[in-house]
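Multiple structures follow.
Next come two complexes, and both contain chain A; in the first it sits with chain B, in the second with chain C.
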Partner chain A sequence: MNDEVREPVLEVRDLHTVVRTDGHDLPVVRGVSFDVRAGEAVALVGESGSGKSLTALSVMGLLPDAARVVGGSVRLGGRDLQSLPESERRRTRGAQIAMVYQDPMTSLNPLMRVGSQVVEALDAHGVPRDEARRRAVEALGGAGLPRPERVARRYPHELSGGQRQRVMIAMAIALRPTVLIADEPTTALDVTIQQQVLALVDELRRATGLALIWITHDLGVVARVADRVLVMYAGQVVEAGPTRDLYRAPQHPYTAGLLGSIPPMLGTERPDLLQIGGAPPDLARRPSGCAFHPRCPQRVDRCVEEEPVLKPRGENLAACWVPRDHWVPAERAVS
Partner chain B sequence: MTDPTQRLDAAPVAPGGLRDVVRGVWRDRNGRVGLAVTGVLGVVALAAAVGLTPYDPIAQNPADQLVGPSGEHWFGTDQFGRDVASRTFAGIGASLRVAVLAVALAAVIGTVAGVTSGYLGGFWDQVVGRLTDVLFAFPAILLALSIIAALGRGWLNTAIAIAIVYVPIFVRVARGPTLAVRELEYVAACRVVGFSGRRILFRHVLPNVSAPIVVQVALALSWAILTEAGLSFLGLGTQPPESSLGLMVSDARNLVTTAWWTMAAPALAVIIAVIGLNLLGDGLRSALDPKEDRR
Partner chain C sequence: MLVVEDLVKHYKTRDGLVRAVDGVSFTVERGETLGLVGESGCGKSTTARMLVRLLDPTSGRILLDGDDVASARGATLSRLRSRIQMVFQDPYASLDPRLTVGRTLDEVLGVRRIVDGAAARRTRVHELLELVGMGAAVADRYPHQLSGGQRQRVGIARALAVEPEVIVLDEPVSALDVSVRAEVMNLLTRLRDELGLTYIFISHDLGMVRHISDRIAVMYLGRMLELGGWQPVSDAPLHPYTRSLRDAVPVADPEVEALREVTTLRGELPDAVDPPAGCLFHTRCPHAEDRCLAEVPDLREVAAKHRAACHFSERLYPDDVATGAPAGGVSR
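This part shows the complex of A and B:
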């Protein structure tokens, strides 16, 4: 999709994050690496607890108190964010790297007009009030809200979920960041609104050259927005590759399982839904070898003993000992 | 994590300015009475402060000693022939001055301490929490008395004493909802756009925990008036020749059998003020509480 090689806007290298529980450091992100270029959309996919949101928060520098980054680097426009003092890091948030997330119902201050909240975001980054007011209305319009100067005077409770999510997006793009992290921003919305928000973010990305990181567990969404996909499992990237290749020929049984569990469209010829048995591992009792082996239909002895690393497989990178052409047909699940 | 009794997130306080709050209080029957009574007292106090009383409250008039209530002197005169109504109005002014100053001090200090301790947590929260516990450990009146004993008499020291007694209450009232609001997503969203801690705290957290604080202000004012009256009655608060309601009640003790009106007027004023402010507090509570039905 991206024809020429551009400098990545965001480079994440070998990121390790731990959460402190009961006096132990539990690894929740284990050596995640990826690049995002301007105008490119990368999807982080995984089940709950796979570490995708904590990866995003590590990049933002907004981890909860119990969590901390213990290794690796995050470079934004060539600057190592980890080494910045907190006051400077704070200035990058919103201005260079923005985030939109899940619940638009509670993401806005209920006591402030939404326009003022966007103005506030600009003001916090030193934009003069008059200009901030103009740019806020502009951003609300840019987020696809009709008659933005009227919407600006509304309070959050006067807006619908979709409208609020658009306000959040307006707030995120008002400062013209280079990177936008979208953490399941469509999960809480109606399907039709979801489609609109997807289309909006996609359009903004193309129009402004935003580097987009889309975090989701919904592979249907991924197919629509992402150029590349990273599949995460138990804090690690288990497969990465261009969206089309990854969908056509997944190289990791987990990816294959996720794809098999998408309900087929009417009239297509996939008879049964497949499901991945078992549950994601308890991070405190991580399985030996490959973390996915207890649930893997393709498991061989080596998977239990030795941890696979990401290696080129077909068009993708995958962390699996068993090549795709050695796979046995997955068992049919009850649907 | 979050205290279930402090679920402010479910239905946020209706946004709006002072006008909406006043309208909300007016819709509540108790609130309407409270607002009217408090308003009248405020006007009387302000008028007395600029010298607008029927008679001069300190001018003695030996010809008219201990005259009963009449059209000329609404609450009669005292043993020096001073107009009791005028003195009561001046006393309301003096009592309100102490109460307002005390509550303002307590509300500002207590709210800032409570909101910051709830938001920041950690060591600061521990410090504020322990200091609050210490202050709570003393009975209110006893604490006020000992503070005055340390500082000396007078209306300013009385105000400071009352403020110190009330600070821990405001700390608690501010801290609880802060713990709930802190976890809300829009506060996290503020961090995502790169707001500073101070901006988040005072522009986004404080307004969302202000409802119970406002209610507490009305209730604190009523308690402060009562305490000021009590301390002045004991001779520790406002000192003569200045006047206050408690001082007047105290002066009237020996006269009450011969001239009941000298005590009735200031005592009635205290009662009306306390009831009025409590009703106002009720009204504010139902106007600001999202869970209460508005109609």
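This part shows the complex of A and C:
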């Protein structure tokens, strides 16, 4: 299928979110825009404080009390979600857009059998009880749980971490949404179990045309699952592009730094890793100009004063004043 | 220098006996880095804690130049403890939040009587901070005023304070932001080479283990399944579990990923109270046969200096066994 001709199912435009801290509104998501089409996997990559999870929660309309969206639009299947009353938005959640989280224990009710929890989610969206029961077992099976009738009668604590994550995925797909947001769903899992979850979600995407937003800090996972990537730093998208292009020729020094900091899994040489000095900024003390400038090996005066905006660079979009062919070789090591 | 013989840690629980570590043996040469890799429940952290005697082994010996850490008491134990130190995953949890960095280091120096006199200790604190790439000003800070990477540097400085020969690093970069991991890894490599340290590097991250180790040991359910040079073990493993582990780790290169044939391992980790008979891995192994259900495979030398606990390594990986998978301890 050609990407150009497929309509996006989710369109996020110039999203701005703030968190109320000490009487001030702290910007935590600053002008994030992206599209996701049916059957496509888009990764939001970032470290702590990058705003990747708050972007997801803003899209879902599930922000914590202190946070609120202050600008931009989120269109799902052509409808602007921001303009919907909460009751209608709640109906959209689950039915059209669903989310799975890093820690299933915080989203599952420990006192309720997992099957009943899936049934309840269906029931809340008006699926008749009998049908809901059938579909819950179907969804548990569809999430790769063997003997789903038996699993349905278990309590969350009787399941392993991998099984609980499969239950979360079952709940998320039970209503057959068009968009699934996966927020670090494999971070707490062992790698062999992570691989099972990656394979499962990929299979669902291929089979049902689910549009996938994968939120992670793991550039290996991104390389395995994503068609396109958005790299976030201090609440902003600093680079975006097709996964292959972005990895082959990163146009933002932060992306290049992240990629260089990972030890290669091939080859006989083991040079020092490329290191980005410092740490991700505290959002309350956001650096002037480009937020990455204090850590950037390519910094010029302009970066301190003026904030770069996302512009086409090669096959990607990047928010950087210094084009890649003007970069100085980044230092390896000497700590 | 370090010889671990048949190390065992069993726990009695309400559900039955848990064999957290069940007969693990290895040696580490002076200046060498041994990587211990495995998933949760494999016993790597329990092994780490026994090496520094935070845990008492059920049985087995841990010989440091011939002295047994496992059975040592009193003055002998504290002497051995200053020769083998540990760095923890979460530097925040392992540092006292009420003490400045300087006080934390000063206490270690004072208690162990490594440096006498307040002034001399202060100088040493500054030296230690410099050694881990931080300025003397950090001495006046509290742990909460530091970034994750800085806290881990302090954790490393504290381990170095007693001038150890061996450092057990238990997931030292796992809790850090991706962009901060590289500098801690580079620091560890530099310190090892400058100070001639011996490392036991424990991680679930095969990439990090591959990067820093001379030899790699792979653990599963309390046992060692493979042991050999870093390159053979990570790039041409001779045990099906290590193969699956390597397959499961996504490589940060979409072009490589697109070409990889990843076999997804079936099933979950077996119950530690009721481990499988025969080969521990047979319940998930794509190559398991009757023999694997009945007979525990020895950790045997399948290729030069490369051991694997699989009955069928030669048949499964004939090319890799034949090329002899170059002996361990090659270049850094």
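We adopt the following convention: the second predicted complex is superposed on the first by the 323 of 335 C-alpha atoms of A that agree within 3 Å, B and C clash if a C-alpha of one lies under 4 Å from a C-alpha of the other, contacts with A are read in each partner's own complex, and residues count from 1 in each chain.
Operating definition for what follows: a contact is a pair of C-beta atoms (placed from the backbone, for glycine too) under 8 Å apart; a residue touches a chain by one contact, two chains touch by 3 or more.
These figures come from a predicted structure and were not determined experimentally.
When both complexes are superposed on chain A, chain B and chain C sit side by side without a clash. Applying the stated contact rule after C-alpha superposition, one finds that A:Thr192 touches chain C and leaves chain B untouched. Touch criterion not met for A:Val29: it reaches neither chain B nor chain C.
In the superposed model, A:Gly220 makes contact with chain C only, not with chain B.
Once the two complexes are overlaid on the shared chain, A:Val238 sits clear of chain B and of chain C alike.
Between chain B and chain C, more residues of chain A are touched by C.
Of the two partner chains placed by superposition, only chain B is touched by A:Ala121; chain C is not. In the superposed model, A:Tyr247 makes contact with chain C only, not with chain B.
In the superposed pair of complexes, A:Val18 makes contact with neither chain B nor chain C. Of the two partner chains, chain C is the only one touched by A:Gly277; chain B is not. The overlay of the two complexes leaves chain B and chain C separated by a minimum Cα distance of 10 Å. By the touch criterion given at the top, residues 60, 62, 90-95, 98-99, 101-103, 106-113, 120-121, 124-125, 155-157, 168, 171-172, 175 of chain A touch chain B in their complex.
Taken in their complex, chain A has these residues touching chain C: 47-48, 160, 162-163, 190-196, 198-199, 217-224, 243-244, 247-248, 254, 257-266, 268, 270, 272-280, 295, 333, 335. Taken in their complex, chain C has these residues touching chain A: 39-40, 133, 147-150, 177-183, 185-187, 189-190, 204, 206-208, 210-211, 231, 234-235, 244-257, 262, 264-265, 268-269, 284, 331-332.
Those residues of chain B that touch chain A in the complex are listed here as 9, 12-13, 15, 184-186, 188-196, 199, 203-204, 207-208.
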